[in-house]
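Let me begin by presenting the structure, written as structure tokens, before commenting on it.
A, B, C and D are the chain letters, set down in written order, and residue numbers restart from 1 in every chain.
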Amino acid sequence: MGAHAAYVWSAYAAAGLILPVMALASLLRLRGALRRQAALEADLDAMRADGDG
Amino acid sequence: MTVMSGWHRFANPTRFSRLSARILPWTLALTLVLFAAGLYLALVASPPDARQGETVRIMYLHVPAAWMALFVYVLLAVFSGMGYIWKHPLADIAAKNCAPIGAGFTLLALVTGSLWGAPMWGTWWEWGDARLTSFLILFFLYLGYIALWQVFEDPEKAARAAAILAMVGLINIPVIHFSVQWWHTLHQPASVFRAGGPTIDSSMLWPLFVMLGAFKAYFVTVLLWRIRAEVAERRVRALQMMQAEA
Amino acid sequence: MSNPAPTGLAVDDLSCRRGDHEVFAGLSCGAEAGGALVLRGPNGAGKSSLLRVLAGFIPPSAGTVRWKGEDIGDDPGAHRAVLHYVGHLDPLKPVLSAAENLTALARLMGGQILVVEALERFGIAHLRDLPVRFLSAGQRRRLNLARLVATPRPLWLLDEPTVALDARATAELEQLIADHRAAGGVVVAATHIGIEIPGAAVVELAGRRRRAA
Amino acid sequence: MSAFWGVVRRDLLIARRQGGSSLLAVGFFVVVAALFPFAVGADPATLRGVAPGVIWVSALLATLLSLDRLFQADFEDGSLDVLALSPLPLFMTVLAKVLAHWLVVGLPLVIAAPLVGVLLNLPLAAFPVLLGAALLGTPALSLIGAIGAALTAGVRRGGVLVPLLVLPLYIPTLIFGVAATAAAADGLPVAEPLMLLASLTLMALVVAPVASAGALRLALG
């Protein structure tokens, strides 16, 4: 029985690796994009504020 | 078509962002709850299989992953079709961002599939298993789809090219599965590892359904994150262009 | 602006997007049978894009293009058959002779094939059996333009037709355009170098200043 | 229909004048097949066993190699615009170009297949079925390949992507082509794999021109 347990644990380890990494990658991508967007919106507003608009 | 007009209401990105922001916490919570329950049921609260012993627990991962791998490809082909026919930008973005998640599920299905079969086959990769081989080919279809998006600069053209590939791929999935199945029976007429796996008795159904629910909730959550990221990235590109103009 | 003429080309509030930026917007112009349009504007202003929209290669993002009153999007098959599109590139195969290239191009377009007349009209009849790789840029350009004569079609869309042409060839082209218009054809040409198309309506395309809506 | 044969004749004339495209495909086909004895050993029994598979994989790779000439050349010199203005619907033009491609690449591969069969010690009994299966299967390779070539026609360095897009779709044709050839080598019935191979080609005949025409419109736009 013990040998089989190794297979089970490695399967769950694989799931424990693939799924969270994919979720984390997507989350980081989202955070980065939102931050870049906010920065650019700020720049443009600033430019509009002092420029003739 | 009510579905279509309903869908159009989410058409413009800002309404989508507001809506997705509202439902995301719920889907995230649902994902965590379902995975917790699923793992408990799969690893603790369900009996080992009479014949296979503990390795049957891998089924609670393999079957949902395999199901989602196929489901996501069909979904991305449907989104692609909607984008291609009704020129719907959000559908294209959804299709594009389904693919990496689907590829992830396929990879997980391949890994868990070989781990599940290994004790019986004595090898890590048993070509004879028709289902596993079909999922390897499905993985290639995902890679092709993702790669095609990268080679186009113009997002609209990329969307239409990827849509054509997705639809051709969708037509070919049953053909590939049938051919591999036919090829498999050619080499190994009597296969102990039937496609559906051993008959599943009721005590095993619960962990399976809960895990499938967890995978679905996970998929919706991650897809919404990725779509929101893509919408923001396109906004960034538009702003950069404006900056270049101003 | 000339009102949309049922006998020729009518462009109504046309706009075109390439990728995520807008090339031009709200463009309206037209030319009756026998008329002509000359497209002016800096590079990247969308002259070529406009010609490709008129040819039906690029679907307009807004507005309509009508030929003889019919929207060209309604029956792309029919629209394909009424026009010649001569772009920057010369679609000629170096390994084929001038006559073979012209015959192949004419056969692709279907209908009447007047290869000999076309070669003579452009003064390159003596090159008929010479593989195109030996021809000069000007000769290739004239061979490319010869297909306008080889398979007669009413609507001509010409993108920088005078590039690589010498003065004499340019004059021949001007005469060809005049004859075509006299026979009731319509010509739309994007040009830089001075080519005389008398009485042509000029369409000024602004640069990239226009922003996506 | 004259426009259809016009396209076929044009492409054949260009291929003949440029020369070499058939020779290149057959040469590549024979070279790849000839590699295998060095890889799996020259023992006649082993060669006999792998022969059907090696012949088909080599033919498939030879077709793959020739695909980028299918639309790329016409895209680069502006001929695609002329093709799109022909009265022939675009999917028929694609069909005509695929037919020309098959005559220049596919057919020579079929003719050269027995030669490679001899190289790999394929039993003589299998030769007729090898020819039949190759005649049925190589059109599918050209048709499915056309989709990959059309999708990447307007794209810089797009040709690199064609193998990844097309090879997964080649697998059914490969399976039934090899099965028919191997069955003939072992004296087993060949009707079923040949019929399935033919049905694949018919399916490709319907799907590929339409998909490729849709993809070419992107290169035009």
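Keep in mind that, in the parts below, a residue touches a chain if its C-beta (ideal position, glycine included) is under 8 Å from a C-beta of that chain, and two chains touch if they have at least 3 such contacts.
These numbers come from a predicted model, not from an experiment.
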{"item": "Pair of chains with maximal C-beta contact number", "value": "A-B"}
{"item": "Chain centre separation in whole Å, for chain D relative to chain C (CA means)", "value": "37"}
{"item": "Between chain A and chain B, centroid-to-centroid distance (C-alpha), Å", "value": "18"}
{"item": "Distance from the mean Cα position of chain C to that of chain A, given in whole angstrom", "value": "50"}
{"item": "Chain A and chain D: spacing of chain centres that average the CA atoms, whole Å", "value": "43"}
{"item": "Residues of chain B whose C-beta touches two or more other chains", "value": "157, 242"}
{"item": "Shared-contact residues (touching 2 or more other chains) in chain D", "value": "221"}
{"item": "Pairwise chain contacts under the document criterion", "value": "A-B, B-C, B-D, C-D"}
{"item": "Touch list for chain C against partner chain B, complex", "value": "17-21, 208-209, 211-212"}
{"item": "Touching residues on chain B, where the partner in the complex is chain D", "value": "137, 140-141, 143-144, 147-148, 151-152, 157, 160-161, 164-165, 167-169, 171-172, 175-176, 178-180, 182-183, 186"}
{"item": "Chain A - residues contacting chain B, complex", "value": "1, 3-5, 7-8, 10-12, 14-15, 18-19, 22-23, 26-27, 29-30, 32-34, 36-37, 40-41, 43-44, 47, 51"}
{"item": "Touching residues on chain C, where the partner in the complex is chain D", "value": "52, 55, 57-59, 77, 80-81, 83-85, 87-93, 95-96, 100, 104-105, 107-111"}
{"item": "Touch list for chain D against partner chain B, complex", "value": "147, 151-152, 154-158, 161, 164-165, 167-169, 171-172, 175-176, 179, 196, 200, 203, 207, 211, 214-215, 218, 221"}
